[in-house]
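Both of the next two complexes hold chain A, though its partner changes from chain B to chain C.
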Partner chain A sequence: MLTFIGRRLISGLITLLGVVVVVFFLSRLTGSPIDLFFPEGAEPAQIEAFNRAYGLDKPVLHQFGIFLGNVVQGDFGTSIWQQRPAMQAALSEMPMTLVLASIAMTIAVLVALVLGSLAAVYRFRTVDRVVTLLSLATSSMPHFWFALVGILIFAVQLRFLPTSGSNSWQSWILPVATVSIGPIGVLTQVVRGAMIDTLSSGYIRNARARGFTGARIVYRHALRNAALPIISVAGDIAAGMVNGAVIVSVVFAFPGIGRLIVGAILNRDYPVLEASVVVVGVSIILLNLLIDIVCSIVDPRIRLT
Partner chain B sequence: MFISSPLAVASAAWLVLVVVLAIIVAPLVVEQANHQTIGLRFFAPFQLEKGFAFFLGADSLGRPIMLQLIVGARTSVLIAIFAVGISASVGYAIGLVSGYFGGWVDNILLRIADIIHTVPSLLMALVVLFVLEPSILNLIIVLGITRIPVYLRTSRTQTMEVRERMFVEVARAMGASNWRIMTREIAPLVFPTIRTLAMLEVAAVILSAASLTFLGIGLQRPDVDWGMMVSDGRAYLKSAWFVAVFPGLVIVLTALSANILSNWLRAVEDPAQSTLFFRAPKKKKNVEAGK
Partner chain C sequence: MKRRFWMSTAAASALLVLNSAPASAETSDKPITVVLAIELDSLDPCDTQPAQNANVVRGNVFESLTHVSPVDGKVAPLLAESWTQTSDLVWEFKLKNGVKFHDGTDFNAAAAAANIMRTQVGPEFPGLACLNSGQLPDPVKAEAVDGLTLRVTTTKVDPILPLRLSYVDIGDLASQTKPEKVLNPIGTGPYKFVSRTQGESVKLTRFDGYWGTAPQVKDVTYIVRKEATVRASMIETGEAQIALSIQAQDATDDERTVTFKDNRIFIMRPMTFKEPFKDPRVRQALSHAIDRDTIVPAILGITGAPYYQMLGPQVNAYIPGYDDKAPKYDPEKAKELIAAAKADGHAVDTPFEIVTRPDILPDGGELVQAIAQNLREVGLKANIKSVENTAWREFLRQPFPDEQPPTLQMISHDNTSGDASFSFPKYITCKGLNSAICSPAIDKLIAEAETSSGDKRTELYRKAAETLYKEGGMIGIAEQIRLIMLGEGVHYTPNPLSGLEIRIADVRLDD
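Our next item is the complex of A and B:
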């Protein structure tokens, strides 16, 4: 177990290094922040001072060397846009995103468990068809449009939800719904597939033969074994939630890493962009590791090597 | 079986309609779609007095929404066909090689796929598109490359499984070369999965492209995209709902059609999993009714 975790952490670090390299060179290609921060015809001396302060006067490869050295020490440089350490900016926005993603994930899993199990139990019947169609529809829904229609109906027409912000619990409803709508569709399909597999297995037939009722079989016997595929797709879905978080930050002005990333791109704030992508990358790598460990606990047949 | 499923027929019909409009009608109406008529600002939908072009209303600059949707269809069709085409064929091929030979090539390719996978797709595309000039071609390149790992992993796993089967062994015993085994023996068996996945990815790519253009990155006028139209209508949600709602509806319909067709393809391959296209086997009533 420990060697497994160790090896995964090392391979995670290599992946992370790749991410850092890619993001560094991509963001250096996006043009210089000088055009953005200085009016046309600014003093050359001023620009030079700015370049020197942020290390932009050296060749790109040299910049990369310095950057890598600092990154190893956890230093991503100072935000050009917010005038504070980039890592600090990224870390201070992350909790909000984690909370949003956790709530959305919990809701998505609960809804998917109910809908997916219903569909599996009533396979090939109307319930199943409706659930399947519904789940296809939710995974065909663009986040941003769902969010806007939500605003149109609940904020503009009915007026019982705010259009933006994050101050009251009401203002969380639409963002959470927006982030969880896609995952609900995908997870429902996964739950349905997994439940169909387990419900047709021998031990379930055995349980039925011993006289257990339908509902009890579903939630006591089948769900446990159906948990595995559900947990293993959760990692991919969590990564996808960052996409939702970006949209939510734009549409609802909702705080979090999405808002920071969009702001960093628009302000050509390299340090913050790099720090945020690395923070997101680390979270996803850790989450995937956690998922593998949980899978091996749920199903001891899986050996971690 | 295809004809007997109204849902699959309707989805296919919608996709065909979108493609036909995009290829044949869109080039004819580009200019008219971008023509601004301030007098017709927020012209309400479902009226025919200004002509069929204005049936779905006009946006904040008096441009006909119907025609913009058609021009936007061209963008979506181009992106969907080419981005999915690039990523599917590249991922399919690399996955075959990687899964067949294994070893260090496999390790490196998998590592690269991991890197692309660790950065959320929208984030990756945002960063890349901010570098490149906004154009349909660049959108295609970005979406084409970022979606490769999806196919690569699938094709690789399948290849590794098929590689061990008896008929591959037989082919090798009969002196077939690696190339021949890969292309003639293994590839045809991996193909159906890739095809189903590609259909699924059509929906995903259309949604990603729309998200990017909604964020204002990736495309500029006179190119039109559905996501861009939603973004234009966002500011006028209170006064003119239709400007943002119609393009979104078209996105949902198109993505849903692709998803349903993908589901249908899977149903053809594995009837046990599908519900939309197969009737339940008839059972005796009392077995079902007994609680």
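Our next item is the complex of A and C:
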């Protein structure tokens, strides 16, 4: 196990190096921050002084060398936009994204397990058709539209929830629902498919013949063997939840790394963009490692070598 | 009609000013929340030019020596009591006595001079970038003569220096000696800064030592919601009391939605250096091709009205009665003009890009699509290129490289100063950074106007505007009307400056 983790961490570091290189050069393709920080017709001397202050006066490859040297020491520079250490800005926003994604993912997995299992058990019957219809609708529903409709119904019409913000537990409900609605649909379909395969296998028929009840067969015997594809897809979805967090940050002004990345791109704040992408990259690499470990625990036949 | 609107706005503003008299002001402990569309990016007094910064700090935390009166659009005293031009290049300003900064220090000529010098970002402020520096296009020297007398020396004759100084906001002396950006702003305004949580909120509270009338509202929190529907919803639910940048479809049809015009005009700028726009007849055809009377009301609703000029009605270059002779919707005439240009060898079939951006104005995307359709109907090959703000700006500014396709740039331009010198030199002179036209006749008129004052200045700017429209250098599409939503029991009368400056001191709350 330790050898496996070590090997994955090394490959994760190589991936991370690739991410660092790509984000450095891509961020510079967005253009110079000069256009945003100076009025039209600013004096060249002012611009030169600004570039010098942020190290933008050197050739790009020279800047990259300095950047790599600093990154190794964990120094991503100072935010041009926020005027605080870039890594501090990224780390201060990441916990909210992680909490939001964790809650949304937990809800999505639980709801999908129940609905997907029901659909599989009652295959081709009314329950299956209703669940399939709902899961297709939720997985294809635009997050943005769902968020706005949610506000109009639950905040404006019914006055149950606040429109936006993050000041109370109620203000988490719509953002969590927005982030989890798509994954619920996708995962329900995955659970249904995996459970149909498993429920038709010989050992399940054998269990039924021995007199085990429906619920015990489904949740104790079948689900465990259907878990692998569900965990893999759930892992992929969890990694992509940063996208959902961006929508949530725009509509609900919910704090998180998505909001920071969008702000950094619009403000050409290279240090914050680089630090944020690296933080997200590290999170995804660790998440993938965690999924591999969980898969080996769920199915001991998988050897982590 | 437009004049009448301005008069009624002025009358309303005058009433507001009268209502703000000390005797009627009763303070309240009720806090209010203002919901903005864009987060402010700087609290520095030298960065108050962009609306997102000005909306929070101008007129609330910071004040300037002079200001443009919302009542009549003229320059009026604020922190300066009076001023005189002692020679062609020298001005003396007498400053208000007894004004304090929020930290208790005195406002004086030294502080005013330091602000003017820092705003220009000289070599003594290495690495500093100030968005207000463009408001003083030619260097000036500011110095304190005595405690309350400020001398400003210009490098060339500038009859509108007092107007220019209305864009220099005044921060405390200590902050004005450093090149670092101000993070904890200290001004002389009716509200002092409390805190800022980046990405979330800015909080202000009433400044008890304010020199003017004490404002009624005590605490103000500014938050940002990018979605217009969410901003409007927050008013409905009582989560916010003032919401800016409301769209027509979210507006209520009662007194909770208030409108104002801030001289913001939606215009088209053809690239006159390249085909198909080299011939003025093609540029005139652009104006004839667009059915403003149909598409503007249909798409913008109450947030826009058809318009033909580049500058708003209260700017001195506005030509009264121009609408009667403007090139109005006439697709047949447009086709004739294009055919005539083609017959003279102009490549009128050259495809061009209509360059716009998603946030150019509410429902701007649909309006640009309708414009493109109108242009295609008269035979022009128009494509739409919608890009984000920074890329849009690259298309806007000179130089225009050969490999760049010909463009018809959509611009939403405002001029709250009332003087065309804040628009014309930059947008329509040969050397103007945002100019896609070069006419020696226009340049000559503008150069002469810049050193003139009063009626002569107005006349010269109007002549320049007339030449510009004849050349088809800028084509007006719509005058924008902006919406603010107010919560129950909140009263605010917007004025032409409200796009930049929402003075919380002008807000009234019911008991």
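Brief remarks follow.
Keep this in mind: the second predicted complex is superposed on the first by the 304 of 305 C-alpha atoms of A that agree within 3 Å, B and C clash if a C-alpha of one lies under 4 Å from a C-alpha of the other, contacts with A are read in each partner's own complex, and residues count from 1 in each chain.
Basically, a contact is a pair of C-beta atoms (placed from the backbone, for glycine too) under 8 Å apart; a residue touches a chain by one contact, two chains touch by 3 or more.
These figures come from a predicted structure and were not determined experimentally.
After superposition on chain A, the partners chain B and chain C collide with one another. With both structures placed on the common chain, the touch criterion links A:Val250 to chain B and to chain C. When the two structures are aligned on the shared chain, A:Leu16 is found in touch with chain B, with no touch to chain C.
Once the two complexes are laid over each other on the shared chain, residue contacts for A:Arg159 go to chain C alone; chain B is not touched.
Of the two partner chains placed by superposition, only chain C is touched by A:Arg259; chain B is not. By the touch criterion defined above, A:Met141 reaches chain B but does not reach chain C.
Judged by the number of chain A residues each one touches, B leads among chain B and chain C.
Residue contacts after overlaying the shared chain place A:Phe50 against chain C, while chain B stays out of touching range.
When the shared chain is aligned, chain B comes close enough to touch A:Thr132, but chain C does not. In this superposition on chain A, the options for chain B are 60-68, 78-86, 114-122 or 276-284, and chain C clashes with just 60-68.
Comparing the two complexes, residues 30-31, 148, 151-152, 156, 250-251 of chain A contact chain B in one case and chain C in the other.
Within the complex formed with chain A, the residues of chain C that make contact are 39, 41, 49, 121, 123, 126-135, 137, 181, 183, 198-200, 223-227, 229-230, 233-234, 236-237, 239, 388-391, 393-394, 397, 426, 433-434. Contact residues on chain B toward chain A in their complex (touch as defined above): 7, 111-112, 114-115, 117-123, 126-128, 130-131, 203, 207, 210-211, 214-215, 227, 230-231, 234, 237-238, 241, 244-245, 248, 251-252, 255-256, 258-260, 263, 272-273, 275-276, 278-281, 291.
By the touch criterion given at the top, residues 30-31, 35-43, 45-46, 49-50, 52-54, 81-83, 89, 93, 148, 151-152, 155-156, 159, 162-165, 250-253, 255, 259-260, 263, 266-268 of chain A touch chain C in their complex. Across the complex, chain A meets chain B through its residues 11, 14-16, 18-19, 22-23, 26-27, 29-31, 119, 123-125, 128-129, 132-133, 136-137, 139-145, 148-149, 151-152, 156, 193, 196, 213-214, 239-240, 242-243, 246-247, 250-251, 261-262, 265, 273, 277, 280-281, 284-285.
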